[in-house]
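The chains carry the letters A, B, C and D, assigned in the order they are written, with residues numbered from 1 in each.
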Amino acid sequence: MSDLDVFREEVRAWLVENCPPSMRTPMGNDEDVVWGGRKANYKNPEAKLWLDRMGAKGWTAPTWPKEYGGGGLSKEEASVLGQELGRINARPALASFGLWMLGPVLLEYATDEQLKEHLPPIVRGEIRWCQGYSEPGAGSDLAGLQTRAVLEGDEYVINGQKVWTSYADKADAIFCLVRTDTSTKHEGISFLLIDMDQAGVTTKPIKLISGNSPFCETFLDDARTPARNLIGRLNGGWEIAKKLLQHERTNISAGGFGAGGRSAALEEVAKEYLGAEGGKIADAVKRDEVVRHKMLERAFAQTLKRMSAESKAGEVSPASSIIKYVAAEMNKDRMELLVEIMGLQALGWSGDYFSAEGLATTRGMLRSKANSIEGGTTEVNLNVIAKRVLGLRDHQ
Amino acid sequence: MSDLDVFREEVRAWLVENCPPSMRTPMGNDEDVVWGGRKANYKNPEAKLWLDRMGAKGWTAPTWPKEYGGGGLSKEEASVLGQELGRINARPALASFGLWMLGPVLLEYATDEQLKEHLPPIVRGEIRWCQGYSEPGAGSDLAGLQTRAVLEGDEYVINGQKVWTSYADKADAIFCLVRTDTSTKHEGISFLLIDMDQAGVTTKPIKLISGNSPFCETFLDDARTPARNLIGRLNGGWEIAKKLLQHERTNISAGGFGAGGRSAALEEVAKEYLGAEGGKIADAVKRDEVVRHKMLERAFAQTLKRMSAESKAGEVSPASSIIKYVAAEMNKDRMELLVEIMGLQALGWSGDYFSAEGLATTRGMLRSKANSIEGGTTEVNLNVIAKRVLGLRDHQ
Amino acid sequence: MGLVLDEEQTILKDSAKAFFAEQAPVTAFRKLRDSNDETGFSRDLWSAMAEMGWAGIIIPEEFGGLDFGFQGLTLVLEEQGRNLTASPLVSTVLLGAGALLEAGTEAQKNALLPMIAAGELLMTVAIDEDHHFDPANTALAAKADGDGYVLTGEKTFVLDGHVADKIIVLARTSGEKGDRKGLTLFLIDGTAGGVTRERLDMLDSRNAARIKLDQVKVSSEAVMGPIDGGYDALSKVLDRAMIGLSAEMLGGAAAVFEMTLEYLKERRQFGQLIGSFQSLQHRAADMFTQLELSKSVVMTAATAMDEGSNEIASLASLAKAFVSETSNQVTREGIQMHGGIGMTDEHDVGLYLKRSRVAEHTFGSAGYHRDRYARLNDY
Amino acid sequence: MGLVLDEEQTILKDSAKAFFAEQAPVTAFRKLRDSNDETGFSRDLWSAMAEMGWAGIIIPEEFGGLDFGFQGLTLVLEEQGRNLTASPLVSTVLLGAGALLEAGTEAQKNALLPMIAAGELLMTVAIDEDHHFDPANTALAAKADGDGYVLTGEKTFVLDGHVADKIIVLARTSGEKGDRKGLTLFLIDGTAGGVTRERLDMLDSRNAARIKLDQVKVSSEAVMGPIDGGYDALSKVLDRAMIGLSAEMLGGAAAVFEMTLEYLKERRQFGQLIGSFQSLQHRAADMFTQLELSKSVVMTAATAMDEGSNEIASLASLAKAFVSETSNQVTREGIQMHGGIGMTDEHDVGLYLKRSRVAEHTFGSAGYHRDRYARLNDY
């Protein structure tokens, strides 16, 4: 038996022992997602148990080094772990911007001291991070940000406003791009970690057209953070930002977008709402649109697989812009197509008359409009492909 | 009886008398078009007779002043003439860039002397004009033209190369944009008339992907023209060029594009090549595409009508860019759709196996690709709409 | 006239523009939405609109109307769409008055048209029973009973159905669901015994209701138009409704385009106005082009209605299909070009998108109308 | 392997790239076209390709082949497509060898596969009878006659049909035109008595023929695969052909994209490189994206073929439909972005467009394959 097989046996045995029964059932809705953090509220105590056990093993971050609380697994072992979790339909123990976004950047840019301070709480889900990037005046033009950080003694004092900070109202801390030099654009940006449990940080949820408020405005008024929370070089934040954006694009896209109706297969919904004749979707024109979409989804999945096979482990590349571009437009089209298929049933806002599936489609269609805006607009992604991949230049 | 009714009676009587029988039959193909000029070759003597009679009345240019050979008709009278010609399915007596393009510009910019010299031969079809605009280095960027004209005594000496000159190999004379000042771009262009019957002017047909050669390269090597053939102001040619381009866009679009398959209705072709079930095109997906196209064609026709109703007589506006943009893309889509519908029958190049309709579709599809390039590319038209109609600006 | 407005029409359009901008701008609709008002529109506003003559704009003078013509109504609808104004113009005038003019008996016309023109009567037509528009798919049964009928069944997506004083119900008097024959129109009271009404909470916060009819008895005088021939009668009413709604959608799309164009001219990114980026310029130019085409199809269809053209049905489907696609494109682009701010509930563009999606599906989607257009033209 | 080339495959791809660039670039195809050569390809070139092992690349070693795998063949086809090379690779290897491997008797395999591998035998399959691809629409009749059959009917669009030494004919042994049952494959000589062949002058100047069979007698040994079960046998052959042709189209589209990208980087208008105009940048970025997706579908389908996946049919239709759309988009944009020069016969981009349109319709258009994909997946 190979080492990997041995490992697999161990994992399997551990899971039998440690994955609580309710954690092996499909998630009902967004509320079942475990984000951890100081303010976490576990309706299901088994969710907490599952997080604690996985966190203790470091398996929420399987490939991170053991010394920082991670699982210390090889890429192959992590893959085995993923397969075994999938085999029993285990729910993710932890959803976390700390795991997906901040951690990888810290591992590349932080000092040993910083890693020891910040990674273990992320792994155990003891802290919930959010990301402070966009500002009201700087959307796609991220580097135009104005939030100022000034060093006073051994603390940075931060003033400014962030916007589109996901779940900032539920987060404990924020990783932030701030301006530390106003005389230059890209080279005057630094990357700071800021605790949000202070008077200088306030948040205000933004209500979206979908009726939800996953994003906030975050106000920094004389907020303070110790100087040791500067990650990487002073004024070296833009490089980190670009890396993070690629992580974000890849994560957003691979994870699928937003809410609503992802579970039911498009063709089954079409058969139900448009009728079927001889096993075929009765509306031949819509059927063709469904096939087009299914084909694109499949081509996209194959491309994700191919790009992942081509890339070196952990590397992110301009290909992330291709992925993000396709994923965003594809999901928007999917939701519009679902609305077309479901008709009136997907045009309701609330009420018993409309099916849960219908309401989720309506809201999901609305939410999906942000897919091509958040984490890099479609326009910015096309710019990146044109310039960084194809080598086309700006006007001279 | 109103004056117009009297006029209508007169026209009707004149047509009975003067329109030869063969000129009241549908045209068979492009060869039946009468372009006139010194090199004209009339296979059908009645075509020549019809041209001579119409030319003598000035009715090839019904609204041009009588003193310049035109018909001197009011807009209303010209409209009556058009209706009566249509009523007997009369063929156009003359097709002519002189009538469509040069004449209107001369009427606006030329001196009385120039008008007396140039308009009458155009009206009578005694001269065939072509247009010398594009150059190899300057496509969409028309004003980048390099063909030089230098005044020597009372003659301009012209050196340079024009390209995409329609039917230059069959034309007697060329109206040309030339550079008369190299120190500036738009303000260094003049508008010159040049006789092509001289050693300094040679033409070379360009073979297109469709196999036809409607365009030429035209070489000007020490070509000469009298100084009196300058139209408008020295270095004032760009204003004339813009007017002419609008005329061209409107003419191209209103006249429909290129060759191939325009006659048969799309839906009938679809029924024939895809089959019909219960009177419907059997392929429901293609049927939807046919309807989309038919709807667009109808919306376009209605828009032409509306814009013509809105515009002052004879005025051309940036709306010409909208018209040109839609007409070009619509015709390209139509031809691609026809190929899709006809399948193999529209994939032949020559030979008896393929129907004439099929071959015309193949060639027409290829020819149509130029629609969005000739007379202002789609990109240029979109720029014009964005800037001149919508008021959007360039980067500052 | 037709494709260019004449003087009277221009005056009407200008006064409609001023009226809605003053009395019923988007802020008014937003307030209405946020108040969760069950009526779903302002009765005061409707009275004011009636005073302007618009409730009776297509009603002949003999019935107290303005007899201004259908084109005039589309001009008002366009301005209403531009401001997202909630009013019973579609339900009461396009559908209700339209149906009376098309299929009403003299008695029905005499009784109801003057009340509509005065803004005193709300009407609607109940058609849909399913999640896709298709009048032939009517199952709601009307059984002969003495010299009257008994109606039983359920309707959905009835515009202003929960507040309408009179409801014209499309019911099956013979044949089976799916048949075009065997349908009949009945005029019933909104508050008749056996009628239950429930307002649906729609995406666009506009009025639509689910209506249940349980053994609703009506006399033979309730019949509108020919028995078993209701489909054809209704089709003519619907042509009017499709064109009118297209005009409303055109107004909404034009408003979104204008606010987007403004934004392109004021928002800066990367040190430049975003409207100076060529890819956005080209997309804006294309939107403008589609709007110009849409304007033509709406004006042509409205003119044809006034002229009694025999192509009205085709032109109505052309308008509904074409403007729906344009509205979809413009609202999508409107959100995208506004970026994050367009995603917020606070910004108006989302309200237009919501209205657009519902309107696209009202009286048949673009796909439905392409099929209908092809059928009408024999292919 | 699969989605990333292994070392052997990389070597193969590189050598194919070098081979076609040297021995069969676009200029060679242009010369062939302008010579109006009736053979329609270069026999010398085909011998050279056979020497490279490509004629036998999917043929098992026992039959004299290279047994390199189907993926290898798609790599060669991609490079062939990139250079517009005319060769019998599709007809003889994808179709001919494919059909022998799928449905040939041992005797047929033993006799023919080695000759194919050696480049000494040209083969093809005759399927189409109409202007749209649909094997079930076969009417060409095979009537039992003693212990053999008599074939009568007409085929069209037979790739390399006028030069093929052996032709596999899809014929009807029972049932009616439109039925999938009742079809049988027959192997006949290209020069058999009763066979008339005529080369069609196609848009892409590549080989396709019309073939008439007038009372062509064959023995029972000419039967390939099950009697009346030819549709299923052929379907498997066609899956291979669809994937292979998709690879060729991908190569052509990639070539057009590359030459267009070059042009964007060198052509100036308005004092700027045209590739610096954002609308062209975005369209170029989208094309590149579609090409990346196309590459994935071709590689996935080719891998599935080698692995004997039970999803091959779906993946083949996915590849053909998806790459056809991409090829259409890229060739259209290629011409438009080149402007006038792209319209001239002198420029290569038009040649690619012509090839693309014919290839799109070979073995079923994108629309055909979307329908097939949905059928295969039960919706």
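Everything below uses one rule, namely that contacts are C-beta pairs under 8 Å (C-beta built on N, C-alpha and C of every residue); 3 or more make two chains touch, one makes a residue touch a chain.
Here the structure is a predicted model, which is why all the values come from computation and not from measurement.
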Furthest chain, CA centroid comparison against subunit A: B
Contact-richer chain pair (by C-beta pairs counted) among B-C and A-B: B-C
Mean-CA-position distance for subunit C and subunit B (Å): 43
Mean-CA-position distance for subunit D and subunit C (Å): 53
Where subunit A and subunit B are represented by their mean Cα positions, the distance between them in whole Å: 56
Whole-Å gap between the CA centroids of subunit A and subunit C: 41
Multi-partner residues of subunit B (each touching 2 or more other chains): 285, 288, 379, 382, 395
Contacts with two or more other chains, residues of subunit C listed in rising order: 277-279, 281-282, 367, 371
Residue ranges of subunit B touching subunit A (in the complex, touch as defined): 284-285, 288, 395
Of all residues in subunit C, those that touch subunit B in their complex: 2-4, 261, 264-265, 272-273, 275-276, 278, 281-282, 284-286, 288-289, 292-297, 299-300, 318, 321-322, 367, 370-371, 373-375, 377-379
Subunit C residues within the subunit D interface of the complex: 277-279, 281-282
Complex contact set, residues of subunit A against subunit C: 134, 138-141, 144, 163-164, 206-209, 211, 273-274, 283, 285-286, 332, 336, 339-340, 342-345, 347-351, 353-354, 362, 365-366, 369-370, 372-374, 377-379, 382
Complex contacts: residues of subunit A adjacent to subunit D: 267-268, 270-271, 276, 279-281, 287-288, 290-292, 294-296, 298-300, 302-303, 305-306, 309-310, 322, 325-326, 379, 381-383, 385-387, 389-396
